[in-house]
Structure formats: structure tokens, C-alpha cells
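A, B, C, D, E and F label the chains in the order they appear, each numbered from 1.
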């Protein structure tokens, strides 16, 4: 029980109390506050994107840059894994 | 009207992951903790986008009625694939550390480093 | 008529599923638990999904196009369960035996004697098994 | 639709319980099994929260790939947690 | 909702009870194969529950999730079994 | 040693085409039913992982080189960005859906409201689904294959 453990315990308890209060004072489950953007997407996805699936039209049409960033992260992670583990194969 | 129980589930997941991340010394246990935190965040996003008595935001032969919000679902979708890629990267680092130090203990690794 | 059959299938299926998980809790060792947890729930799931298939066929008979799609997808799910579940059970049992988990109260363990016998017969039996 | 709320109540408790188990166990393989169960129940939770897209993604990733990567890593390192 | 479908909800509630029992086995199980058997049981029960929920919502798109699970859920079982057998991947 | 029993191998050989076809179905119907590039890619990568666990990583490494998987992932990324740039050239902006409303492939606009499934809709969404699906398949399976192969060869050389 050194000082490090005590400090970590205090930090953890503070974070726990914060999370419990946050979950307690959250808005009621099942009733979103602001949904103007989502209502627009739900109503216009068939005319603008031409797709029946709202989620796919958001992923690839309305928010394409998110997917671009995701592709970058996936590429980087795969390159990192191959770079780390490839060296063992030739030894 | 479930009285915020899914929010408490999110809180529990994140707290359990944080506990593993702070107090556990095994590297794979810490990676499991990070996975738990990521699952909690995914559940939080989906919970934010849920409406009472709604259907999925897909028009193909849907029964009609109000629909749940599509944007949080799309964000979660990208988050899951990022999560598994980053998990593989972390586990590769863990394997590399084990080959160098012959140990998974964080304190051992730190002590041998000095 | 249809509804009575669907009720019957639901009752049989849920009874076997509950029985399977109860047996999973009550049985003493891995192999008997494997009986309860895999065979029983597979048998129950056949009836549960069969009720959904019957519901879809009823809707199709009454003139709904969604009913046929429901029935076909449920049939695909049923075939997938029937193909994959016994394979998983076989893999678990083999792995449990290879990792050294013995059945409780077992008097004679034939598999153990086979692998522990003379080397030649073991090799021959292995070749036959392959 | 009253009994559906029972599912909404039981399922978060089960998710948190399996998460706690996956942290509590000393055997890392058992922890990974509990993590797989958590992922499975999380996918069912996504399903009843009306997000079938996310449920399919979680199914494909959590049912197979996460467990596979963890088991490979445990195979390459060691199984017991020394603590 | 039609009154007939309430029976499906009752069945799903009983399946939830079965999942609770199987989770207890996953928690208790003394060896790793016990826990794997519990995981397999949860897999099967969840698949049938997903199909029943798809029939309950009267929406055909939901059953796709159940098919994905039925196709893929035994792969994790295979990985763990191969680890327990010993030998590399 | 590194392959499983005969039952598992036989069932894998039976199940693999089903899982593959189902994954491709999930990718191709991404704009109609739940699914898309990420989900279908995860399903197909899981099917390939099933092949890996049943037959051993050495067998799979002989069939599918990891270099080719890397190449395939790059092709997927380049296709994704190229389709996005087509939106800039033919339309008004990056990621503009330039095929919707035209008479080309995938150019139809579905009726508003709850409709049936018509695969000829969606604009560039099916093409992007295929590009991202290719990327996710190659990426995730490359991760699993490289991890399994590297750790196995290490263990065998060690002991």
C-alpha cells in the first residue's frame, strides 16, 4: 500500500462518483432532446442519397469524411501490425 | 421509461475498464480494460440515439412509424472497426514486449528498463 | 389451427431450452454438461425457429410477400445452426479430453487406454482415424 | 409491450456482470471467454435498441475476430496472470 | 401490436432466464472447457431469441443479424478449442 | 499438428462458401438491408479466419500471400478515394453523390416511404460499399494471418 496505490484509489473514487452523478442526472432514456439533423436525414435519405438504408447513406454520403479518416486509421494499424511482426518471419 | 438503466450499464462498463486499467498489472488485462471502455462508449452512443417505440432507420419493407436516429449508429459503426484494428496493434506490442522482457508485468518491464 | 401448432412448437422449444440450461448448471463434469448445453438447446432452437417459419408460411398463405422472405431467412438461420453447433461441440469435447479433463466417477476410460497403449497400435489407430 | 421492458432491465445487468467477471478472473483464457460473452450480450442489446447495422458489425467483429486475436496473443505469451 | 405476439415476448423472457443460468455457469465453471460450453449455450439461445424478436417486430431485416451469428459464432469456439488442444495456429 | 480434426475440416469446407456468399450478400445489399462495407467485410474476414483455424496458418499462407492482401487493401483505399474524387469532377463537391437521378447504373431514385427492395438504387453507395468492403476484408484478415503466422513460427523455432 504505497502512495501510488492510494493516489490511484482516490482518483478512481472521484471518477466513479462523477460517473454515477452523470448517469443519474442524464435525460430520460428513449427521448432525444435535439433531433433536427436526424429528422432531416430520415426524411430526405431516399430522395438525396437514393438509398433505403439511412445508416449507410450517413456513412458514405452525408459524413464521408469520417469514413475517410477511418480508412486511414485502418490502413495505419494494418501497416503497423505487419511491420512489427514481419521481422520474426525471416529470422 | 426504463429509468436510465442503460446509462448505468454504460457507467459500469467504463468504470470496470478504468479499474482494470489502473489497478491491474498484467498487460493483457489492461488491453481487456481498454476493450471494455470502448464497448461502453459504443453502447453510450447507441443509447443516445434510441427513441421509445421506434423502428430501425431502414425503409425496406418497414412497418412505418417513428425511426431511431441514424447518425449515432453510423459513428458507432466506424468506431467498431477502428476498435478492432487498434486492439490488434496493442496486442502486437504486447507480444513484442513479452519477447523482450519475458514478462507481462508492468512493474517488471519498467524495472528492467531502468 | 395454425396458432395452436405455433403455440405447441413454442412451448416445446422453450421447455427444452430451459431444461438445457438447467442441466448445464446441475451436471457434474464437462462431458455431461456438453450433452445438456449443446444437444438440448439445439433441439429446442429447432422448434423455436420452426414456429417462426410456420408464422411466415401462414403470412405467405394469407397473401403477404414479407412472410415468404421471413420464412426463407429463418430457414437459412436454422440450417446454419444445425451445421455449426455439433461441430463446435465436437471440438470442445476433443479439446477437453486432450487438455486432460477427466470425467467424474469414470471407472474405465477407453480413450485414455488407446492413447496410452503401445506405440505401434497407437500409430495405426491414428492413421485409421485420419 | 410491457414484458419487453424486462429484457431492457435484465440485459444491462448481465452485460456489466460479465464485464466484471472478465476482469476478476485470474486465468486469462477464461477472461477472454467472459469477454466474448459480454460482446454477445452487447450485440443483443444493440439489436433491441433498434440498431441492426451495429449489431451485425459487433457480431462479425466480436464473435470471431476479437476472440481470435486475444487467443493468438495469449498463445504467444502466457496464460496465467501472475499477480 | 396484435395480442397473439405477446406469447413471443413471454418466450423471450424465459430465454432471458436461461441466459442468466448459463452466465452463472460461465462464472462458476472450474475449468476452461466448462466456460466454453456455457458460451456455446448462450450463443444458441441468443440466436433463437434474435429470430423470435425478428418475428415479434414483424420486420424481415432483423433476421440477418441472427444468420450472421449462426454462421460465425462457432469460430471463437474453434479458436479456443485449438488453443486447449495445444499446438500452434 | 497445426490442423484440427477431420470433422472440423470437413465442416469448414462446407461452411466456408456459405459464409463467403452471405458476406458478399451483406456487402452488395448494403443500401437496402442492414449491412454495408464494414459489416460484410467483417463477415468475410471471419470466414477466412475459420479457414485459418481449421487448416493451419501455414496452409493459408501458401494459398494467400500477405503481400497480396496488402496490395488488395491499397486497391480498396484507392478505389474509395477515386470515387470520392469523381464526385468532385462530375458533381459539385468531394463525396458528392453524382450518380443519383441519372440514367446510369444504380441511378434510380426509390419511392418515398416504405418500399420494396430495388437493387438499382443508391448512386455511388454500392460502389463505395464494395471498395470499403475490399479494404476491410484485406485489412482484418491480414491482421489475423500475420499474427497467427508470426507467433506460430516463433513458438516452433523456440521449442
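Everything that follows uses one rule, which is that a residue touches a chain if its C-beta (ideal position, glycine included) is under 8 Å from a C-beta of that chain, and two chains touch if they have at least 3 such contacts.
Note that the coordinates shown come from a computational prediction; the quantities given were computed from them, not determined experimentally.
Listed by label, the chains that touch chain B and also chain C are E, F.
Counting steps between touching chains, the shortest path from chain C to chain F takes 1.
Taking each chain's centre as the mean of its C-alpha atoms, the one that lies farthest from the centre of chain C is A. The distance from the centre of chain E to the centre of chain F, with each centre set as the mean of the Cα atoms, comes to 25 Å.
Our note on geometry: chain B versus chain D, Cα centroid distance of 10 Å, whole angstroms. Chain contacts: chain A has residues 46, 52-53, 55-57, 59, 67, 74, 77-78, 81, 85 touching two or more partner chains. Among the residues of chain C, those touching two or more other chains are numbered 66, 69, 80, 84, 87, 91, 94. In chain F, 4, 8, 15, 18, 26, 32-36, 38-39, 42-43, 46, 49-50, 53, 110, 113, 115-117, 136, 139-140, 143-144, 147-148, 151, 154-155 are the positions where the chain touches two or more neighbouring chains simultaneously.
Within the complex formed with chain D, the residues of chain E that make contact are 1, 6, 9-10, 12-13, 16, 19-20, 23, 26-27, 29, 32, 35-36, 38-39, 42-43, 46, 49-50, 53, 61-62, 64-65, 68-69, 72-73, 75-76, 79-80, 83, 88-89. Note for the complex: chain E touches chain C at residues 4, 7-8, 11, 14-15, 17-19, 21-22, 24-25, 31-34, 36-38, 40-41, 44-45, 47-48, 51-52, 54-55, 58, 60, 63-64, 66-67, 70-71, 73-74, 77-78, 80-86. Considering their complex, residues 30-36, 38, 66, 70, 73-74, 77, 80-81, 84, 94-95, 97, 99-101, 106-113, 115, 117, 121-125, 128-129, 132, 135-136, 139, 142-143, 146-147, 149-151, 153-154, 157 of chain F touch chain A.
Residue ranges of chain F in contact with chain E, taken from their complex: 1-2, 4, 8, 15, 18-19, 22, 26, 33-35, 39, 43, 46-47, 49-50, 52-54, 56-57, 148, 151-152, 155-156.
Of all residues in chain D, only 1, 5, 8-9, 12-13, 15-16, 19-20, 22-23, 28, 31-32, 35, 38-39, 42, 45-46, 49-54, 57-58, 61, 65-66, 69-70, 72-74, 76-78, 81-83 touch chain B in the complex they form.
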